[in-house]
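Note that subunit A is present in both complexes that follow, paired respectively with subunit B and with subunit C.
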Partner chain A sequence: MSVVSGTLQSPMQSPPLPGDGGRLPRGGASIVQQGGAESRADLLFALLARGAAIFILIMLGALVLVLTTAAMPSITAFKAHFLASSSWRPNEREVVMRDAKGNIMRDADGEEVTVTLPPEFGALPVIYGTVVSSIIALFVAVPLSIGASLFIVRIGPRIGLLLGPISFLIEFLAAIPSIAYGIWGLFVLAPFLQDHLEPALNAVAGKVFFLRMFHSDQGLTGRDMLCAGLILAVMILPIITSLGRDVLRAVPRVQIEGSLALGATWWQSCQVMLRYGRTGLFGAIMLGLARAAGETMAVAMVIGNANRISSSLFAPAQTMSSLLANEFAEASSNIQRSALVEVALILLVMSLLFNVIARYMIVGRSARPAV
Partner chain B sequence: MQIASVYIRGKSHLMFGLCILFTAVILGLLGMVSGYLISLGYKSVDLALFTQLPVPAGAAGFPGGLQNGIVGSIIMIAMASLIGIPIGMLAGIYLAEYSSRSWLAGPVRFIADVQTGVPSIVVGILGYELLVVPLGSYNGWAGAAALAFIMIPLVARTTEEMLLLVPRGYREASVALGATKARTILRVVVPAAFGSVITGIMLAIARVAGETAPLLFTALGSRFLESNPSRPFPSLTVQIYHAAMEPYKEESRKAWAGILVLLALIFVLNVTVRLTMRASGYGARAAR
Partner chain C sequence: MVKTEHPTAERGHARANREAPQPGTSLPPIQPVLRSLNPDIAPGRNGQNPVHLPTTTPTEQSPQGPAIHAELAAEQHVLSTEDFKLHYGKHRALHGITMQIPAGKVTALIGPSGCGKSTLLRSFNRLNDLIENVRVEGRIRFQGQDIHDRKVDVIRLRKKMGMVFQKSNPFPMSILENVVYALRIGGERRRRVLDEVCEKSLRSAALWDEVKDRLHTSALGMSGGQQQRLCIARAIAAEPEVLLMDEPCSALDPIATGKVEELIYALRGKYTVVIVTHNMQQAARVSDYTAFMYMGRLVEYGPTNSIFVNPHLKETESYVTGRFG
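Let's turn to the complex of A and B:
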């Protein structure tokens, strides 16, 4: 080991191993003395490493603390109403007063009496947008990616050399940045929806009551809730697929062989696998959901940015993250900025919740970061 | 009985077919997305993209290039790496080498994993509150810090994994020769895992290279070739975003070309990681 030869001190001077009793034998530590400078450097390095680890905890703490502080003006001003209100009025507005019969009130000079409404903010439309677009994404992505993970685990070995490239391609899909998906959605998916899919669905679905969500009386732009949901679906496909593959791969062979020995068909043995790995699969889906809920750029580019709740999937909408991307830099008042930070805080708490649940579900897997 | 059996078998065949179909659909989507982006980008990319500044609509030379964005991104990613890689590596070293009896390891590992799932736009808001508001203007430091925030947990977790792959005998041999623990780590363990630690860092860089959302309210963006990080700072991704949202065809072409540059960078980083992982024999655990 030439690497360490330079570090030899006197033969008798081998300092003990600080802090790592579990990994290495400590024999001989009692007969050596503590070195001087070398030992101090050793301690310093240990402290630095510990400090860096603690820094990771501080980072998350700072995130929550700073966001809560900055959101305080909005939280105290709007309280719980913020979650239920769907008005988003960044500027004061004068409205004409009306009396009980609905006539415009006038004062003695015949002037209209007006009141000034203060700015008001409510997060309901963006929470709705995030929830609905995530649901669309899961609805499309979950069957596809569970099917693909089954393919990789159960059919994959039969196709030999092809499997490696297929796995790599699916994982590369996860490395493509959000903005690239956004550009694809903006220039390919949205025009396709506008010109082909939505007019076709519109014609059929308008006549059936429970398909009203696939119908819109407004002009179709293609940049709407459906487009955002589909883009999100494409983006979370690789995450659920690769995590699902890991979960299914960890199912003991005995489970599969046992079911086959009992006369199960191919699909029935797959069902055994899915049932065995259901907790892990649920975790994988939760992580996909967390990613979908927090995704920003791609959604901001295709959702149409309309801050309202609409029953139609063909209408423009807004999610929490796309609202932040669009308005934060241009916020005109402190209260608007504070309201936006409160939206960010809700988003943060939501995604932390999803992530914590998911990590507990996939616990036991030596999990590398999913994305 | 006969009918039930036929039904069950038929269903099994159907599901088998569906699994193949679903995989084909996913691969088809990948082909459509990347094929479209590559072909459009290839048609739009030219030398001016790398050598010219953006030009506003109506002025001579519209739409110009993305030179300032490319340079700005490189500077900001370098600054983020200077902050993020040492902290991340130290934290990874702590998790792998020092934490075997500490209560700290579990929470740090868990929080680092959870942090990789924090929406990046929220990180941007943290950067705004901590570095833009006190300094009085949008600036490059805030952008770099936001990117570093995203890098640290990624680097920490990959470093930890790679160090744990180094055989215990290396540490024992080094300590037996009288090296202190810090020297053992810095001169033996980290060099032994160097290749795979570097690949982990490259993956983290590939990840932040594509980030747009955390830069929107930190670095903001700039039309000029900026070298002072105290001012609003240009970046490739934010410029691509603005170009894509412009109504002009020329701006769209610029966005497509920019995406191609970005994708090429990320692809090269990912493939290099794959190949080095395989070559160094860590593939089974590390190349996920």
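Let's turn to the complex of A and C:
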């Protein structure tokens, strides 16, 4: 149909070059491999590309290997107890022995009997902190992100909004360094929470029976689990929104039209869209979760850094990454350093799992029908 | 370069698919286009006289108007258009279509790609509302009611018009949930009602025996032909009055096409069916009335038999005999 006419000739089919001495038969080149500079270059490039790919794998392997080796003293010392223990005692400590009734035990001279506890480490509070702060972040960020992506895909074009700048701004949020979010959290969000939001919430939690567990008896500082969760929510909003937008945009038009043609309302047709893209959306959420779990600086600035488990959201806490940021530089003993490395290893494995699941959801399953 | 309206549309059937020229936005006079496509076609094959084609430009109304056969006047009409015009932005896709769709009959819309058949079909259930920059003039009446009237609830309108698309579009749910989707969104929850409607619709779509043992498995695991019949069952389950079909067989193989055609044939009387098709034999097989459209106009409209055997206009004859388009 186009205007192209005449016969097409590939360069290979042009008449034999003088150097070939007319070796090629008339009417086309031989299909037998000729060898020569071109195929050598091909081979070289293939090797280079393969090498680059292998190099990246080796880096990952080396990372895991080094972390595991460095964590070995801690792993052998605390074993699985590391995951279940709440103690974080970098230095050995002398404590007074008490008897069954709680009285201080004394020896014959009336001196207090003491024992020396060795350093002990457990990761439970930081795992708890990471999980809870990530859950708060998802709780806030997921409805907002999905709503925003629906707006960009379904409403924006209809009301003639310039979606380019909006999408750009949302993605720009992802590029802001986390320390900037941390400073904002420390100087703006935390004081706001301390003065306005948390006193009211804490009072309500104290009165309502089933919210009692969220009540905090300590003074409110604003630098606590809730603040960290909110900062994380702001940070993972852009990634879930932009991925969710791509997922929803890829929903075939006939799916939406099909539901509308059956008399679906606007929101019902959106439900079909969300359902069609649900694995992709789940993947987007998992990537957001991976970022929330690994986020360090902003969290370390606003979470209050208290290494204990507290059911209240208004009490200071600690996450794995904030623990590492706070303590690694000051780790005094080898066993403390090793324990910190083990925390890092747990974090790495967790993030890796989140990412693998997310990739599988977005890439692996989109090619297959969602069941 | 000629624009194709639906790039994937041509795959399924090679039988009557001889069309090539598709009027785009700015179309050169058709004779030179045809000649450049295939020198054998334009002067008329077998040494016949050159083909006469409508050469009106899209902006002017053809002087004589469409040829509407007298038989149509005797029919009861459920759906009608009055000087209906539709614009995509500045481009006018439909030029004052006036036609009436007889109730309980199968009406086929034929014509080369880009002639506005699908646009007209999608206007009946106002699916074009979704597309930006669409502007309509004139009227479409459904059971006497102007469908563009402010009072009309477009959701209720669409519930009365089932639609089957070119590409099957089962939702990512179980077969049962697909079929009863229209009831679900209408708020129906009674298990017994849903099961009954599902069985009845699947039987109507001649699909029940094939899928009755796996109603709760995903609809996406079905074959292409089954998926399309599922979409028909889904449209029927809503108990519409009109069934709009937009090239329902274009992505199906001949066996699946045959099944769907039998189904359409069986639906006559119960439903008013409007079917857009590229396949002229299909139009001849399944429809009672055929409308030939060209470049956004209705050219000729009458009983299928007369359109194919004894058309009033030369343009129609050229098209249905495959000499152009």
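By definition in this document, the second predicted complex is superposed on the first by the 304 of 371 C-alpha atoms of A that agree within 3 Å, B and C clash if a C-alpha of one lies under 4 Å from a C-alpha of the other, contacts with A are read in each partner's own complex, and residues count from 1 in each chain.
Note that in this section a contact is a pair of C-beta atoms (placed from the backbone, for glycine too) under 8 Å apart; a residue touches a chain by one contact, two chains touch by 3 or more.
Given the structure is predicted, the values throughout are model-derived calculations rather than measurements.
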| item | value |
| --- | --- |
| Partner chain in contact with A:Q268 - subunit B first, subunit C second, else both or neither | both |
| Touching partner for A:I166 - first (subunit B), second (subunit C), both, neither | first |
| First, second, both or neither for A:A41, with subunit B first and subunit C second | first |
| A:Y276 touches, of subunit B and subunit C: first, second, both or neither? | second |
| First, second, both or neither for A:S310, with subunit B first and subunit C second | neither |
| Subunit B versus subunit C as contact partner of A:I56, first or second or both or neither | first |
| Touching partner for A:E257 - first (subunit B), second (subunit C), both, neither | second |
| Where subunit A meets both subunit C and subunit B, residue numbers | 1, 265, 268, 369-371 |
| Subunit A to subunit B touching residues, read off their complex | 1, 3-5, 7-9, 11, 13-15, 17-25, 35, 38-39, 41-42, 44-46, 48-57, 59-60, 62-63, 66-67, 69-70, 143-145, 147-148, 150-152, 154-155, 166, 168-173, 175-184, 186-188, 234, 237-238, 241-242, 246, 265-268, 270, 287, 290-291, 293-297, 301, 321, 324-325, 328-329, 340-341, 344, 347-348, 351-352, 354-356, 358-359, 366-371 |
| In the complex, subunit A residues that touch subunit C | 1-2, 157-158, 160, 252, 254-265, 268, 272, 275-276, 278, 369-371 |
| Residue ranges of subunit C touching subunit A (in the complex, touch as defined) | 1-2, 20, 37, 125, 127, 130, 132, 155-156, 158-159, 161-163, 165-167, 169, 171-173, 181-182, 185-186, 218, 220-221, 231, 234-235, 238, 244 |
| Residue ranges of subunit B touching subunit A (in the complex, touch as defined) | 8-9, 11-16, 18-23, 25-27, 29-30, 32-34, 36-37, 40, 86-91, 93-95, 97-102, 104-105, 107-108, 110-123, 125-126, 128-130, 149, 152-154, 156-158, 161, 168, 171-175, 177-188, 191, 206-207, 209-213, 216-217, 220, 237, 240-241, 244-245, 252, 255-256, 259, 262-263, 266-267, 270, 274, 285, 288 |
